[in-house]
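Scrolling down, you'll hit the structures one after another.
One chain, subunit A, appears in both complexes that follow, with subunit B as partner in the first and subunit C in the second.
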Partner chain A sequence: MNITRINVGPVHPSTHGVIRLVVDLDGDTIVNVEPHIGFLHRGVEKLAETRMYMQIPPYTEKLDYVAPMSYDEAYVATVEAAMGIEPSEPAKYARTILLELQRIASHLLFLGTLCNDIGQMFTVFMWAFKDRDMVLDLLQEAAGSRMFYVNMRLGGLNQDLPPSFAEHALSLMDYMEKRVFEYEKYIEKNPIFNERMKGVGVLSRDKAKELGVTGPVLRASGLNYDVRKANPYYVYDKFHFNSKTLQDGDNYSRYKVRMLEMQESIRIVKAAVRAMPEGSAKGMPVKLRSPVPPNRISIVNRELPRGECLMYMVADPQKPYRLSIRSPNFINLAAIGSLARGARFADLFAILGSLDIIMGCVDR
Partner chain B sequence: MKAERDGLPATLSRMKSAGFDYLVKITAVDYVDHVDVIYLLRNLEPIKDEIVEVTLSTSDLWLPSVENVHKSADWYERELSEMFGIEIRGRKAPRLLLEKWDGTDPPLRKSFAWDAPYKTKGEKA
Partner chain C sequence: MALQTDIGNIANIPYWTGGDTLHQVIGIIIYIIIVSIIFSIFGYMVGWLERKLIARAQYRHGPTYVGMWGLLQNLADLIKLLSKEDVIPENAFRPLFAVSLPLLLALSIFIVLLLPYSPTLQATNLGFGLLIIFTIVSFLPLLLFTAGFSSGNKFAGISAQRSILVLLSYELPVLIVVASVAMLAGGYSLDGIISSQAAHYYFGLLMPIGFVVFFIALLAEFERPPFDLREADSELIAGWLTDVSAPYYAIALFLDYARMFLGSVLVSILFLGGWLGPSFLPPLFWILLKAFIVSVFVIVVRATAFRMRVDRVLRFGWLWLIPLSLINLVMTYIVFVR
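Right after this comes the complex of A and B.
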């Protein structure tokens, strides 16, 4: 066997961030992939030990910079669990709506970049980004910003959803429903797409469990675990939705699971907007001196667009003693070696694209 | 659930055969005089979580590797040894995962001087 070693990255257009992959090849077949991470390590867990509770959301948001609202919420929910604060009923609805909108925006980014990676240059990317922009417009209407929101407060949100929000959200969801259908029609009949996605990067059910992968990657391999179903938070248990599971575990399943998830998210947003109760969703104003947390240790898990995030916090009176973040991307990326072994070199980027990793979240 | 360090791989593999075969996370907390290492395990069908906790004395920081029980422990153990300075025995010494620090304490230990001016190895304090 004549092994050729190729370096991919740290800066490469298909890696979606700064990551270096050392790939060993036998001819065109991948023998081993060794990811080198840490280029984006900012020490958020350590920084959290040095800041007051409500000074931390801007840091946690920047972990996953394409789904900041989700991380914002996961952290604030952990602090709420430590302090024994329960959000008001309108706040629960509003948070559910915002989280699902963020999931749609994040999956649209996945769709666009994945199609770029496998050679459907820019058509789908432009479509998906145009639609993602419309979701961001809606989030801007709700939170006042397009990228980093810092919108969660203890017990609620920074500001109430504006009166026009419900109407705009419903009409956007109607539009988005049609668009998801169009995407599927456009992409799934494409022979290049199918050739590069079906049967490539197969992750079996047992292997997925063994490697500890999470989120859509786990569900594409036939394991039905979704925090929203397993441990429902906010109002997820009040609406009927399915956590979609596919059996094949290949690139195509990982793509399809996210498309199906988008449809479910659209259903949840519509139902939640219609059922939204009257009243204020506002939380407590930010004060440096927060209430003293009665619970020393709090563990909160959330279903982020990329998988399960788990926050383990040991609380001190004014700031966290320790904040440990289980990042979904970290463990999904660790599986790349097993996934890519035996595939062709060009398939590496399709596999990496289908894992949908965000390096800020991997490195923390 | 508390566990002893020496019997840790055996404890985890016993739990694995009892259904807790999905490792969610390995993390640690430095309480200055001791370090708690936390293994979060999950049974996926039916869904049930379990926590296994190992207490280490700060003067004797090592752990047996559980990589043979849970393959996903690989990156978590590397992160642990790098961020907390815990030696992981029973596996070949891996290269650093995240960050190389120049001669200071492991970053997530409480002794790490986060507000001290940054000095590289060659510089005099």
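Right after this comes the complex of A and C.
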């Protein structure tokens, strides 16, 4: 057997950030894949120990630069848990809406980059980005900026949702419903797409459990675990939605689960916008001295677009003593070895794309 | 001799070659200049159109700033690339690496010069024109292999391996379809193929299966998506071009358009009647129009197709293209020749 060792990345067109994969190839078949990480390590957890509570969201946000608001919210929720603050009812609704919008935006990016990875250079990518941009417009309306929001405050948001928000959100969700349908129609009927996705990179149910993967990757392998269902936060328990599960565990299921999830998110946003109560969603203003947290230890888990995030914080009076983040991407990335073994070299990128990792979150 | 309006008559090769040696040499030079101009303008316009069309498919504008509608963008790119430093990587096998790409381009342009463009604008009317063209065409993947292999880069090496693998799947169907074309026309002369299409119908109508197989196989031959395995951007960075520096890359871009032109003119000669068309416009116009339509189709395929995997391309070639081309051959024999 003649093994070729290839170094993929950290500079490579489809590595989704700076990851280095050392790939051993036997002909065109992958024998072994070894991910090397750490190129984007910024020491966020350590940095958090030197900052006051509300100075930290700008750091946690940059962990996942595709869905920043979800990390922002996870961190603020952790601080709220430590301080025993309960968000107001309108704030809960508003956060639910924004988080689901963020999920849609994130999955649209996934769709675009996945299609790039399997060789449809930039057509679906640009379509998805156009739609993602419209979602970002809506988020900008609500939060004030497009990419990094820093709009979560203790007990609410930095500002109320504008009066026109509901109308815009509903019309955008109608449009998005049509678009998701169109994507499915165009992409899933493509024989080359099916050939590249179905039966490739199969993650079995047991292996998924063993690796501890979460989010869409887990649900594509037939395990129905969704934090929004298992441990409902905010107003997720008030709406009817399904956490979609598929059985095959291949690339196609991982893609399909995300498409189905987008449809569910659209339903949640619509229902939440319609049921939004009157009142202010504004939280506490950011002050130099925050209230002293009564709880020493707080743990919060959240369903981010890419999986379950768990934030563990030990609180000191003015700043965290320790902040520990369980990154879903880090654990999902661990699956690459067992998924890619035996696959073709070209499939490596389809598998990496279907895991949908964000290196900022992997390296922290 | 009076200057005539038909551009073909200016380079009336039978007229020139009928004279003495000086006449012949001048005739050949005039012919090369005319065909080069046609080919450059066509290739350039198709290159511009490719950028524009793909941009439209992707909700973009494409080039807009350099020249009117970005018409000069490709020229600007070419100048930029040619003015950069030429670096040959240390790992490369120098002689082969330096020769492969220029030779590829030279061979492609040589074939372009061998093709007939109108009843009068053609280099030679060899009885075996079809054979010699496809002999040279089958050399091209070999040079792609040497180019990738000699660059000393592992990605380029994989690309070179793929180029040989994929060769197995499309070279045979191309030749089988060409054989059935020759059978239908009763000879290997390109001129004869077109005059036989003038006498009957276009070969694209007579053997639709062969037409489709030939078109798909040509996509693979000339590295167009969905068969752009050798240059797969998302896997192999740039495949066999990973380690080439800017001037070589300019050659590669030029080569891309040369092959596009070559492929689309070949399709229009073999299946769409070449220069045949209503006589109110010169024959040259018709052949270029047909080639242009074929090019647009190739570009649209690029804007929409996912890339196939190597093993799937092989399977597709052996399970579909080769049987279909054989069926086409047999059917052509039974229906038209016997």
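One rule holds in what follows: the second predicted complex is superposed on the first by the 364 of 364 C-alpha atoms of A that agree within 3 Å, B and C clash if a C-alpha of one lies under 4 Å from a C-alpha of the other, contacts with A are read in each partner's own complex, and residues count from 1 in each chain.
The rule we apply is simple: a contact is a pair of C-beta atoms (placed from the backbone, for glycine too) under 8 Å apart; a residue touches a chain by one contact, two chains touch by 3 or more.
The model shown is predicted, which means the values in this text are computed figures rather than measured ones.
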Message: Just to be sure I read the superposition right, which of the two partners does A:349 touch: subunit B = first, subunit C = second, or both, or neither?
response: second
Message: Applying the document's definition of touch, where does A:175 land relative to subunit B and subunit C: first, second, both, or neither?
response: neither
- request: Based on the superposed arrangement, let me know which partner A:225 touches: subunit B (first), subunit C (second), both, or neither?
  value: first
Subunit B versus subunit C as contact partner of A:115, first or second or both or neither: second
Message: Please report the subunit A residues shared by its interface with subunit B and its interface with subunit C.
response: none
Message: Give the list of subunit B residues in touch with subunit A in this complex.
response: 21-25, 27-30, 38, 40, 44, 47, 70-72, 74-75, 83, 96-99, 107-108, 112, 114-115
Message: Give the list of subunit A residues in touch with subunit B in this complex.
response: 37-38, 41, 43, 45-46, 49-50, 209-212, 223, 225, 230-231, 299, 308, 310, 312, 314, 321-322, 324, 326, 330-331, 334, 363
Message: For the complex, give me every residue of subunit A touching subunit C.
response: 4, 6-7, 12-14, 25, 28, 115-123, 125-127, 130, 190, 192-193, 195-196, 344-349
Field: In the complex with subunit A, residue positions of subunit C that touch it
entry: 54, 57-60, 154-155, 157-158, 161, 225-226, 228-229, 232-235, 237, 303-312
